Amino acid sequence: MIRKKVADVKEALQGVQDGMTFMLGGFGLCGIPENAISELVAIGIKEITCISNNAGVDDFGLGLLLQKKQVKKMISSYVGENDEFERQMLSGELEVELTPQGTLAEKCRAAQAGFPAFYTPAGYGTEVAEGKETREFNGKMYVLETAYKADFAFVKAWKGDEAGNLVFKGTARNFNPCMCGAAKITVAEVEELVPVGELDPNEIHVPGIFVKRIFQGKNYEKRIEQRTVRQRA
Amino acid sequence: MLDKNGIAKRIAQEVNDGYFVNLGIGIPTLVANYVREDIEVEFQSENGVLGMGPFPFEGEEDADIINAGKQTITALPGASFFDSVTSFAMIRGQHVDLTILGAMEVSENGDIANWKIPGKMVKGMGGAMDLVASAENIIVAMMHTNRAGDSKLLKKCSLPLTGVGCVKKIVTNLAVIAVTPEGFQLLERAPGVSVEDIQKATDGTLLVKGDIPEMEL
Amino acid sequence: MIRKKVADVKEALQGVQDGMTFMLGGFGLCGIPENAISELVAIGIKEITCISNNAGVDDFGLGLLLQKKQVKKMISSYVGENDEFERQMLSGELEVELTPQGTLAEKCRAAQAGFPAFYTPAGYGTEVAEGKETREFNGKMYVLETAYKADFAFVKAWKGDEAGNLVFKGTARNFNPCMCGAAKITVAEVEELVPVGELDPNEIHVPGIFVKRIFQGKNYEKRIEQRTVRQRA
Amino acid sequence: MLDKNGIAKRIAQEVNDGYFVNLGIGIPTLVANYVREDIEVEFQSENGVLGMGPFPFEGEEDADIINAGKQTITALPGASFFDSVTSFAMIRGQHVDLTILGAMEVSENGDIANWKIPGKMVKGMGGAMDLVASAENIIVAMMHTNRAGDSKLLKKCSLPLTGVGCVKKIVTNLAVIAVTPEGFQLLERAPGVSVEDIQKATDGTLLVKGDIPEMEL
């Protein structure tokens, strides 16, 4: 077995530099790599490009990096929960590339799986297809989309082991699996680092080969964006 | 005239036995409350759950179990969780039978705009572009006119498009309308709404063939 | 919940017709839909095209269909365990389309996920690329491959429930997941059909939406092709 | 001169700490037996297992746990099982560090042929075309000549290709050879084999620079 465990978030982030491109897992605030984000804020890294479905909220998640103006460019599908984001975007301080959600996931997966490009129907006839090749297959139009390139992928799992195997819980899985192995270095933080052999090999969501470094995260807040409940009858 | 719940109630009639359904944010989310209980339906949320259930009881919210609107939800027996790639395989691969979503504008050829107002508001398309480019069966749930009173059913959309020629049906506070090769075709009137009211609120070509029944809710 | 359960293999195969194209899961004899294959032999269906990584052995798996000359065309990556197959192929009785294994899996997945075509490096510069579009991305050459089209997919899982959710065991997973939902009708046979709610929603390998019919299979032989063992020290 | 186990033993020296390795059928499978025990290595088999272990003890074979050669195997602690799509994501995405496979022919520009003899034998390419088109580091394990005594290291392959310009190194019963822009470069001789022996058995351009050491096994 090839051991991927590192001591802490500091060791996990060794090599990150200003100007790099990062992938960050999560949907809204669900399943985001909280420890990696905090550390990126703490070390004051600058001019980064973030590939992430959302941009956090004003005071949590990627919003923390936006607040400190550490982000040069965001590549996302939906950014509607963040006022500071909208301000920076409309003022031109922040570059934004909006991408359909399924295309965003698949562009990560293409990088992970060695596909340079694929044809998808999403965005045909819209701004998203501008400047891109379009093509007909079986009477339907498709847009050619290319794989992302990134330096680091930061993902968050529920459980993991030293071999880098990951298991997710609920909808906190989302973009995390497709980002594993889609960047030069994939860093996984987990709520619980379990002994090797404890995870059933049939139930592993991401095999360790896609993960370069893994560490046990700390102090997860797991903030809820929309707390919706029903009353007991 | 219908309120948001009325629109949801009418759309719920379009949900058939055995349908996998994706519900957008806003009015579409309400549709789940009105689906007949004697049919088998499963709700998919594109952030990674199939077999979505109602909101959790107070105190049972789980930050790891949300829908695409970032609301805490529950999973019903038979549900599954999966990643975003698998979720959009369901959508792009046309395994989802019905997509219900909101819109800012719909044109008479079925174009839809719902993600951007240039220079003013840019929230992003989320999964909407994948959904409208893939789904065979798309119903738009929206108010017939915007806050300024302008029609949202147009000859041609003025806002950046989400998808082209994809909308099949529209349910508004005033009417049920089909998108046909000839334009919008009026199918039903909301209770107490006249054909003339609908005509006035519709900017695009509105075809009125024969008697237009009032909705049964 | 949408119920997919059917009574038996006969009901599961309703609608199969001569001349159709079938996808069949399995790698070698591991994870093959034994019940579906037996029934296809029993009903004497003819002139079928099979998309399957392997072609079984002479007297088991797809070999049974080959023996009875029910197969018009095989689309596979490796067929080296079957003498009758080789005889029919060399004599020209059987059409054969050999496809790289990863491409075969991805052509199924493309059909499942709504991608009409994708670029892969496999087969560039070989017979496999003949007549296909090739293209350079980032200095490397790729071949354009298109999604399969099939009428039925027959897959075999370890456990499943009435909602069509599937769980696999060991390497019997192989091509089964990517074939689910890749044909017009997907039929899953399982060793154990468990009550709904028994499968952990986090541990489902194939969500039920990709499966149209499911039934509890019978009399699994699960034949081993190469029984290799080591001696106890 | 080496036997099959000798070839495997020499190739095992090319396996470094931290490598994920895919082993083809035949001689490559034997490599696992000779990898140093003080390094961390994981074996991937393209039918869907990472962390492959040795054959099971007699009576513990499981029909559901096999390798790409259809042999019963075991899984080590830390192993994972996955589907074919994920397996080839590992391969095509260059997450596998080293690929070791057999060949019928290799040409001096690194082309490889190992899946078909027209009109005579067609077993198929299995995963070999994906492997050779993707891997950065490909070592061929084979006999230097075929049963008829003809060289398998050629100027140009005569059989249908599996991949072009992809082989980096070749280990045979006679020699270790690198594929360079100038042709085959002789790196090491097998015990008791002379440069002349190797030259005679090699059809393609063979570069011999300086003293050629004997392999250390």
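Lettered A, B, C and D in written order, each chain numbered from 1.
Basically, a contact is a pair of C-beta atoms (placed from the backbone, for glycine too) under 8 Å apart; a residue touches a chain by one contact, two chains touch by 3 or more.
Being a predicted model, the structure only gives us computed values, none of them experimental.
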| item | value |
| --- | --- |
| Distance between the centres, which are taken as Cα means, of subunit C and subunit B, whole angstrom | 36 |
| For subunit A paired with subunit C, centre-to-centre distance based on mean C-alpha positions, whole Å | 33 |
| Mean-CA-position distance for subunit D and subunit B (Å) | 55 |
| Set of subunit A residues in contact with two or more other chains | 109, 114-115, 120-121, 168-170, 201-202 |
| Numbers and ranges of subunit D residues touching at least 2 other chains | 49, 75, 81-82, 85, 88, 91-92, 134 |
| Chain contact graph, described as a line, ring, star, complete graph or other shape | other |
| All pairs of touching chains, each written as two labels joined by a dash | A-B, A-C, A-D, B-C, C-D |
| Interfacial residue positions of subunit A with respect to subunit D in the complex | 1-3, 109, 111-115, 161-163, 165, 181, 196-197, 201-202, 204, 207-210 |
| Subunit A residues touching subunit C - in the complex, by the definition given at the top | 114-121, 137-138, 140, 142, 146, 167-170, 201-203 |
| Subunit B-facing residues of subunit A, complex | 27-31, 53, 76-81, 86, 89-90, 96, 98, 100-106, 108-109, 120-128, 158, 168-178, 205, 222-232 |
| Subunit D - residues contacting subunit C, complex | 45-49, 54-73, 75, 81-85, 87-88, 91-92, 111, 115-116, 119, 121-130, 133-134, 160-165 |
| Of all residues in subunit B, those that touch subunit C in their complex | 18-20, 40-42, 44, 49-51, 75-82, 85-86, 88-96, 134 |
